[in-house]
């Protein structure tokens, strides 16, 4: 269960309104790697976490902190959009018309839809969607996604921080950048701890590793003419899993299978030249009643023990 | 530029058609972590890569290989959907009606839309979209996203592999699992190589690190009553960046800022009680002509040197 | 069945082209609360309406009117984009460069995709999608959604109307605003009529109300430290359903259930510490054939009367 | 800022796993009117609310409660998916094969993607997206959307509750139904309070009401042959705004404007027969350099006082 | 403006309810090539059409007819879902359990969301979206899209028609199939008429054809080893535009440009090895005020005539 | 399987950076009819093609070429965004402030997300999605979609080409325009070849043509008052299928079916007035266990031969 405190986690006061900057700032709210993404990703991972104790608590803790981050960002947005912020911006642009081309205009939905508040979208207005997040139940793979999300998120934050001189904005972003620095390490150390606690053997996801194609697990395939990729550690180091050496090979077919496709169901009108024999009309034909008629004998056979 | 060879990279022949398995198999084609995702992610990262030589070549090489993987998967799909595969499936289900509940039905779009071919969607029919991928130009953050994508992708592949006994399917998936094992390491070693080559100092994204909030980069905040998260390495180890110790603290506001919002533009009809004074009607009022009238003096002032 | 008349429902002639205003105007065509939304929402509600007579006719009538509204808006868009409207706009901006920052630029898809015609998108280019609408078959809940849609739609229209001085645009929007004023009331009176006609007892959706948790239907939970929300009617009035008083209470857990999750299927590789006992490998294992083998006895038992 | 308590708000324990019911239950988690929708809608409305005190606190309170509701639902989902729930379900289906057709199969992404945990999607796998929510800054229109969301949400909950006999599920849903009953009233009473507090005059959104088309605000247009819609209160009552009577009229054009479109820019290759004279090639022609050449005189004229 | 008639365009009465068929039938309502697509595509094309008379009238006519088609389909859906259609279906499946696997289950949103009515989605629940349609203003290209949409739509209809024996459904689909047969020809004849009327010279879109790369307009490039594609008319016929012969050539680079990318802005932290010289920090740096400071001299120079 | 060559297919060098043009250029990369669309459409059609030899090879060849086209476009994008391209643009705009209004601003995601590289989106930031493409397995309908895609794509390319004077950009677009000219013909000739090879009889999709409604296949319905659409070839020519004459008729109901809907399941709380008798509570009631109880006798009847 969750509770709320009126105070923000960190001050979110810009020196002055700036509608053009607010338009870009949306990327940090509802972008692919904005704070809504990490908030929802950690909440779902925490709720789905099966290991009570430090792991579940840790994910729940950071999920809770991230709700507070989205809150801070939305307050900052509304303050950047104070009153009629276009007026403020217009003064600066009047002194420098070239700025308009560099910076672009306001986000019209800030005026039309949200009434000067933050929007749950990215900087180009794409609504946030849950296709950005993952919660697989496997802590190794999820921690990998999390360190990735923190690294990308920090990079976006850093690029946006470079677009303003506003001390209030920069102070808050200095806090956010630091959290992203810390959180990257948190997830990497989480993977180390999964190993220390015996949940996994290596930092590589290896389920069903006993029957995977061992040879294919040690080759870098070069599919580009003149590729120099073979010079990298990925082709010259030893496997982090079994210590066997990696090697580079030219990408080539490992089969003579040309992907010739089988005959289609003729009732689907797929263009076909017959080289695999005639298709079988079947499940696409007839409604419920007719199909019952057609296959009822199979049901009886099955029950009476005639296995196919 | 790209070229094509008729042979597949690896054999893609199931022992027999299985429409129900084909429905699930779609997750590997067009799911969030399906092969279309890594194919498009690596292609865009490769095309946008600024470092000629082994890095660009490596990304281009794996992007090219992944096109071949999507090809293999689509051939497998069409073969799993050979003829009227519902008939085949019906026989097994007739022998065991409970299977229908466990396995679910066919994907209707395999019959209606694709004519027995693979669809560019996940297992529930969501069309693949580019919101799944990232190409930031920063190789550290992108390699992080790549190792995450390979780990998640391998996990999904492994789960799906557990849903079939078909030797043909399993042989191909044994190859795919191995590639995912290898590729996870490839990207981790890529990060190591970025350090060795001097592109980055640590494995942590640290841009603008000189002015981030140093203290906030060393704290784990616990926002859950009774949390045991402080027992983890993330709260007891030293920073991977500067070696300073991490610590756990209770999540609490670091400010007395309650997020009270400023006055809105009255022309946006935002409900407001006036506690921050009256709003400023402004940019929302009037069309192009009227606005020109209103601010033309500011333009002149700006040009004549009257800076605001 | 539908028929068409060449005349529009209302004149849609701007005084002059204005490409920048046209970009914002898209919100009224294909935005979340644009006219495409009410058109499609009412059409689907009308087609699905089960009560012949005044209710179905009323919904069909307004659905038909809304098609005409989308038509009016698209004509207005094409006229705002007459010829090369950027030229016209450029003159005004040349007289006032600050406008560019305030107003933003043209919608590039007006030039590239639609050839100067309306687009089925919002002001930021998001394609209209059916996730905006609802048709539940329950007239009370749908009328609630409709009054909400009309209120939000009217507010957006009003904000956009404030962005232009063009008399032609304002005349048409004066008509649209009035229709939204009227339609809000139409749906509210529709709810009243549902009560008068005996379809519902109160204006509150109450299905399965006989077994809902009565106590929880009368409490406002305050989860914010220092919340003053208890001062509102929602905490001090009596229930509109049963006349019992409302009260405010502090949000607290009503259970000691900490949400500890059960054992997962081990074949899904979910990280787990075993505190709920071992998971059960099951439906994720094996293909159609193997599963048939495993559970066929259950089928036989079921048929022969051995109920589980 | 937010904090978390390990205990759930309400017990979320099903009597037994049921994978088929879990598939439908997703609608309550991440559907158009699922709990993620009200959670995110109220959080954004609360963060953007400009009125300190009981209104902002109330919205923040309910937003906080809704996070707890999503948490409860996700715990319920994971418990419905305990172990290999298909096995449990298979037993019931083995006793009654017809159930498979009625109920459909499992959600494959529960097995493949989330490892037996809740997904942030609806019952057909559509990822939750922010196009479902609104936060306009105008409390009247937002409270209207909220009462609508609660009514629709309650209806869906009620329908889903009818699909199970599980006492544990029903106990939790009895709590949820009650909260939805209460919350519908909360938002209606909130609108009443806005009137009592003087923020609005009537319950109808009326901005710019002074210049809207008065006549059109009092007419029901019948566009269906033989429509009986004129019998409803919406055509026979008096306006809730000004007390003037409503009336029904046949839908007919109020203009002779046939929507004939103006000449397009010839550089966009729009098919056109010239009846409005030649189009104007303009802003679509030439790059930045050429355009600067073409219009530079206008800039000078504007600065030197030659207003257009 | 539009009007409505209570009678449908064609009878939409199934012989009996069939919930499983209704699930598939959704593809015809709201699928990529369902009737909502052609309805919205033709409406937008008609509203945007610049040629008064037979072209605009024709597009408006068919757009109006398509609204009636969506209406017919939604009525059919509601009738297929009469009462509790799962019961009806269950009887057939009880007689033939294998059907469940072949046909899949009901659409849960028919029960949960729409109350037994049609949904504005495809057969897998994807909401219809405007990314399916196009209205370019160019009648040649739009007629091409229309004939394509009719052909794909007819194919889907035909496949679905093969899945039922219900005479009522088949009668309506016999009408729909015929309309799609006719409409394919309508759009092809429309292209012929555009030539006859002198709007275009050939059936090929050729804008800016005067400066396109003539040679590249006559070559088929084979990029597949051993390709036999050169045997086709596309490589052996003469151009439909200028009568010059086509030829096949091996796909090869027509340039030595290896796509080496230029230096990035260093403030975006793009990984780069410097081989193109240093990047230019610029527009990403500094807020509005600082930028005004930096470039104000350029503004003055521009006004005073110092052209760059 | 695919391979890569470092050289591009065609030179992709702009004369100079232009961030504003790059924003529009995105439409050609990831728009509805951008190169990603044809690339993915042809790849899926090729992989799913059942006819070995010239058809499959041809589709594979063009799919391979289109990957190379996306590569060229992304290189062009990165070069248009060289360094800090806003600076370059700012100079031109400083000389002509009106340009800002005409052209709009930069794409903020070029700076924030991609670090100056191409994005997999359209010009307004919508992520590319697979709902843009089709691969039906039927070569006639797919070739129709392909000629449509090439025509629309060429038109967009042509419009964008008109927006720049950059010789480098225009040279590459001259190549792209030519390819689109050629490819339109390629697909039309492909349809001719399908006829020549006996795969289809006419160029019209006619599956199930034997039982379609013959009369409805020859009528143009005019639903617009005063429509002149009857003057077109589509109403005066003969059928391309059977040579019978077309005719125009007024759109009118061909039935007296008013679409009155049947009784709903009472457990779904659909508002209903009872005119079709009582609904049947059924599949929505009760959980798995209870339903098994209810219908088990039907299962037995079915097995023992009691057919319904």
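Couple of notes before you dig in:
In order of appearance the chains are A, B, C, D, E and F, and numbering begins at 1 in each one.
Basically, contacts are C-beta pairs under 8 Å (C-beta built on N, C-alpha and C of every residue); 3 or more make two chains touch, one makes a residue touch a chain.
Going by UniProt, the chains are A, B, C, D, E, F = Catalase.
What you are looking at is a predicted structure, and each value in this text was computed from that prediction instead of being measured.
Taking the definition of touch as given, a chain qualifies here only if it contacts subunit B (Catalase) and subunit E (Catalase) alike; those chains are A, C, D, F. Between the two copies, subunit C (Catalase) and subunit D (Catalase), the Cα superposition rotates by 180°, quoted to the nearest 5.
Legend: contact pairs of B-E compared by residue number with D-F, C-D or C-F; the interface matching in over half of them is C-F. Subunit B (Catalase) and subunit D (Catalase) have CA centres that are 26 Å apart. Distance between subunit B (Catalase) and subunit C (Catalase), defined via averaged C-alpha coordinates, is recorded as 27 Å. In subunit B (Catalase), the residues that touch at least two other chains are 1-9, 20, 32, 47-48, 53, 55, 60-61, 64-65, 68, 71, 75, 78, 86-87, 89-106, 111, 113, 115-117, 121, 124-127, 129, 131, 134, 136-138, 140, 155-156, 158-159, 162-163, 207, 223-224, 226, 251, 253, 258-259, 261, 263-264, 267-270, 283-284, 292, 295-296, 298-299, 303, 307.
Contacts from subunit E (Catalase) toward subunit C (Catalase) in the complex involve residues 1-9, 30, 40, 43-44, 47-48, 60-61, 63-64, 67-68, 70-71, 74-75, 78, 113-121, 127-131, 133-138.
The part of subunit C (Catalase) that touches subunit A (Catalase) in the complex is made up of residues 23-24, 27, 31-32, 97-105, 122-126, 156, 159-160, 163, 223-226, 251-253, 259-264, 268-273, 275, 292, 299-300, 303. The part of subunit A (Catalase) that touches subunit C (Catalase) in the complex is made up of residues 1-6, 20, 47-53, 55, 86-87, 89-94, 97, 99-101, 103-109, 111-113, 115, 121, 124-127, 136-140, 194, 199, 207, 303, 307. On the subunit B (Catalase) side of its complex with subunit C (Catalase), the touching residues are 18, 20-21, 89, 92-93, 95-99, 102-103, 155, 158-159, 162-166, 267-269, 283-292, 295-296, 298-299.
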